[in-house]
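Just below sit the structures, each encoded as structure tokens.
Each of the next two complexes has chain A plus one other chain: chain B in the first, chain C in the second.
Moving on to the complex of A and B:
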């Protein structure tokens, strides 16, 4: 980290929501900053879920990054700071060389608040992007999926997602209860529904519930999966940015 | 702190441990080896002469048998985490004393709480009595699953016992099939989809 770095956002809360969406799954990780923007990719400690964030420089009102650098952060610490952002607050991120390198976060509203936190040197294994051709791709209202997962969570710990030609079914079963939610291809809130092959797969509801927290960032979520394959959730962000999650399936014998 | 970093820190602590007199006679403490994200932990009794020399668990003759056992159900040593109840070799391969077990056990508890396996396979009487039930009879209970909290335990004969007893060896290969059935129901991670990786950052 040698050159100047400064990124400004007029709405601090969107950055706070991104940090929350990552911290739901990840404890620590490296942001990769470049003159074009930033990226972040990490798996949760159990390697069941992956978060993949891409923010182009257009996401920020002002963005100056003179050279590539890696910024390791503890998300619990970062989240405590960014969650202090209120309505109308602007945010500035800067790096500072003091004390061996710190991230300076400025929240500007009625008061100007400056927080710093240490930049961590984290072992960074090169984490490849998961590129999978899925048989099912659907875009729907984020809140529709959020409510469906809440309904399913009443009955069991796992949800079975079944994509038929015209219907997406979300089912869960517990010892005493069961839940079934059906979303029709032409139904309200379903914007795209493509099924090249009928598919059925099971996922942990607690992990999906953590991922769907990102619904606050985007009105629409794109869901992709295939039978006994990971599920992919993508949320579009301003400036053609994207927040993507992958979740491993639960496969029963 | 990240899990991997915590486990590495714990291993360093074990390597420097002087909490019992086994530290006076060991060449190397043996924290454990394998995947830090494993869903299965195999727990033996204590390091032997080869393990003490190399600082790795189950690398002697019993280790070779353990590798064959895992291989017979499609698992490799890197798919699981292998460790012992006691991390240092007792002199002349004697059994660890109750005091040594009590002193050392918190290391295994910490390893388990960080790795979060759903299956623990106890190898031999000492590991089975310590982790499952102090009254457990390995000759009666081997190969039978015990669910305790979130973890399923599978007591097996110790591979070293089977080295000199072909009948026990057959029993071990039969019992490990239970682990095969369990592991197929075990946690699937994104690492299982490595072959779909095409691009890199």
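Moving on to the complex of A and C:
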């Protein structure tokens, strides 16, 4: 890392929420910083899910990055620091050369708090961007989806998600119980509902519930999937940023 | 009100004499075994002179005012060490183990788990707990200890018992440096102390003894820990430490199958190329310790990558003992894997001997080279050889296999 890097945010808590939403699934990974912004892409340890974060320069109040660099972090360590951000705190990220490279995180409120964190050198096998044309695309209130997944979680470990012309059904079945949640195309909280082909697919609820943790970042979530294909959740972030999750389906043999 | 599991055969396997799910105050199965056993015949009087291995027991009954104290055989010498060291017992027949245990006379003093050392009699036993060698003691009991033997699911069986009146330690204990350091460090958390002791080469049983005697942890939190809880705590803390190491290692390249059997317990350990996860399935046959009905009873507990949040209450202490054996092996070969264990408990395992048997069976399995396979189906088929419960039944009960066989990976869609 050579050039100067500094990024400033007036609301530290949004950064803290992003870190939390990622750390629900990811242990460690690489941030890629460039003069235009930062990106992060990583899989969970079982390689079932992938997180893709893009934050443009505009997300920050102030963003200076003179040249591209990679910053590996452990999310447990990072989230311990960012979760200390309180209401009204501002945040600054900087790199420093000390001890072979450290990330300096400044939280500024009534007191100025400076934390440093080692920069890890992780195997930087860059993951490909996942581009899939899905048959179902719907945007809905993220809390609506969150509650639906909570309901489904009562009955079983897996959900079957079924998209028909006018209805999205979320079903789960356990040994003794079952749950079924229906969302109508014209229902309250459903903003967009496009189905080019009726689709049906199964996913692990515990993974979906980790993905929906990002509901705290955005009121609306876009959900995309096709039969026996991954499920995609995307959340819009300030400055045209985006947090996207992909989850591989369960295909019963 | 506590709701009892409706089917009673299942109930005894889940309870293992510890939760009193049947509503009785005393487990009828435990009582039956006590009556069946060949007792140690040596006559005991009020005075017992002998070498303690060292051995120390903390009861669970009446917690937090418990009965605790050293266990002393009326025998001298280095040989007594084996009486309380399950790491050395693998392969020995049931009668030998029962004999070892019945020779240990359990001295008890009623004490509060917090500040037990305020009792001066009890305080005088503290130094023998940390001795690395058998230590000679003279004990005087209020009455001649009653001859009997006690069984429970987690701990090894226990012998005669008597209320302690006076105890004299007739030599200075030898204390290993790591033990001395952990016992005297009042800022070191119990969990970290357990890891230090384990890394220092001490056995689970030794650590468990020091922990149960309330000699580990930060000063305000030190207290006596009932022996059976201390055993599981030691298995849990040490194996969790290894799990965190394992998560950094690359996955194994093939499916491995390991086998072991002892005391009519049949173990199959299957390692799967996958991120860390663990599951133990147990089939208890009619005639085995906790089965009262005519059908085998199957119990299961599992954890995925993140680990458990609650106690593995179906398989109980055996889960943690087996997990230690597995994580020790994976740490040794510096590889990550998901592990499924099938355990069949056949009719010859009539009395429960404690979780050391599970730990040692699993450790033994890893002493032989694995059978290697390129697919899960082949590995499962090979592992099933010699087991009695149909394979499809095991597979149906397994949450982990259900997940691994049906869950696709995101990399498939790149």
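Everything below uses one rule, namely that the second predicted complex is superposed on the first by the 253 of 253 C-alpha atoms of A that agree within 3 Å, B and C clash if a C-alpha of one lies under 4 Å from a C-alpha of the other, contacts with A are read in each partner's own complex, and residues count from 1 in each chain.
FYI, contacts are C-beta pairs under 8 Å (C-beta built on N, C-alpha and C of every residue); 3 or more make two chains touch, one makes a residue touch a chain.
This one's a predicted model, so the numbers in the text were calculated from it and none came from an experiment.
Visitor: In the superposition on chain A, see if there is space for chain B and chain C together, and answer fit or clash.
Guide: Taken together on chain A, chain C would clash with chain B, as the superposition shows.
Visitor: Where does A:97 make contact in the superposed view: on chain B (first), on chain C (second), on both, or on neither?
Guide: neither
Visitor: Go through the superposed model and pick first if A:165 touches only chain B, second if only chain C, both, or neither.
Guide: neither
Visitor: Would you sort A:188 into first (chain B), second (chain C), both or neither based on which partner it touches?
Guide: neither
Visitor: First (chain B), second (chain C), both or neither: which does A:122 touch?
Guide: The answer is first: A:122 touches chain B but not chain C.
Visitor: Name the contact category of A:27: first (chain B only), second (chain C only), both, or neither.
Guide: So A:27 meets both chain B and chain C here.
Visitor: Which segment, 277-285, 313-321 or 349-357, is the chain C region that clashes with chain B in the superposed model?
Guide: In the superposition, chain B collides with chain C along 277-285.
Visitor: Pick out the shared contact residues on chain A: the ones touching chain B in one complex and chain C in the other.
Guide: Of chain A, residues 27, 43, 45-50, 127-128, 130, 132, 229-230, 246, 248-253 contact chain B in one complex and chain C in the other.
Visitor: For chain B, which residues are in contact with chain A within the complex?
Guide: 1-5, 37, 116, 181, 184-185, 187-193, 196-201
Visitor: Can you name the residues of chain A that touch chain B in the complex?
Guide: Contact set of chain A toward chain B: 27-28, 32, 39, 41, 43, 45-50, 122-123, 126-132, 229-230, 246, 248-253.
Visitor: Would you pull the chain A residues touching chain C in the complex into a rising list?
Guide: 27, 43-50, 127-128, 130, 132, 157, 204, 206, 229-230, 246-253
Visitor: Please output the residues of chain C touching chain A within their complex, sorted ascending.
Guide: By the definition above, chain C touches chain A via 247, 274-276, 304-305, 399, 403, 405-414.
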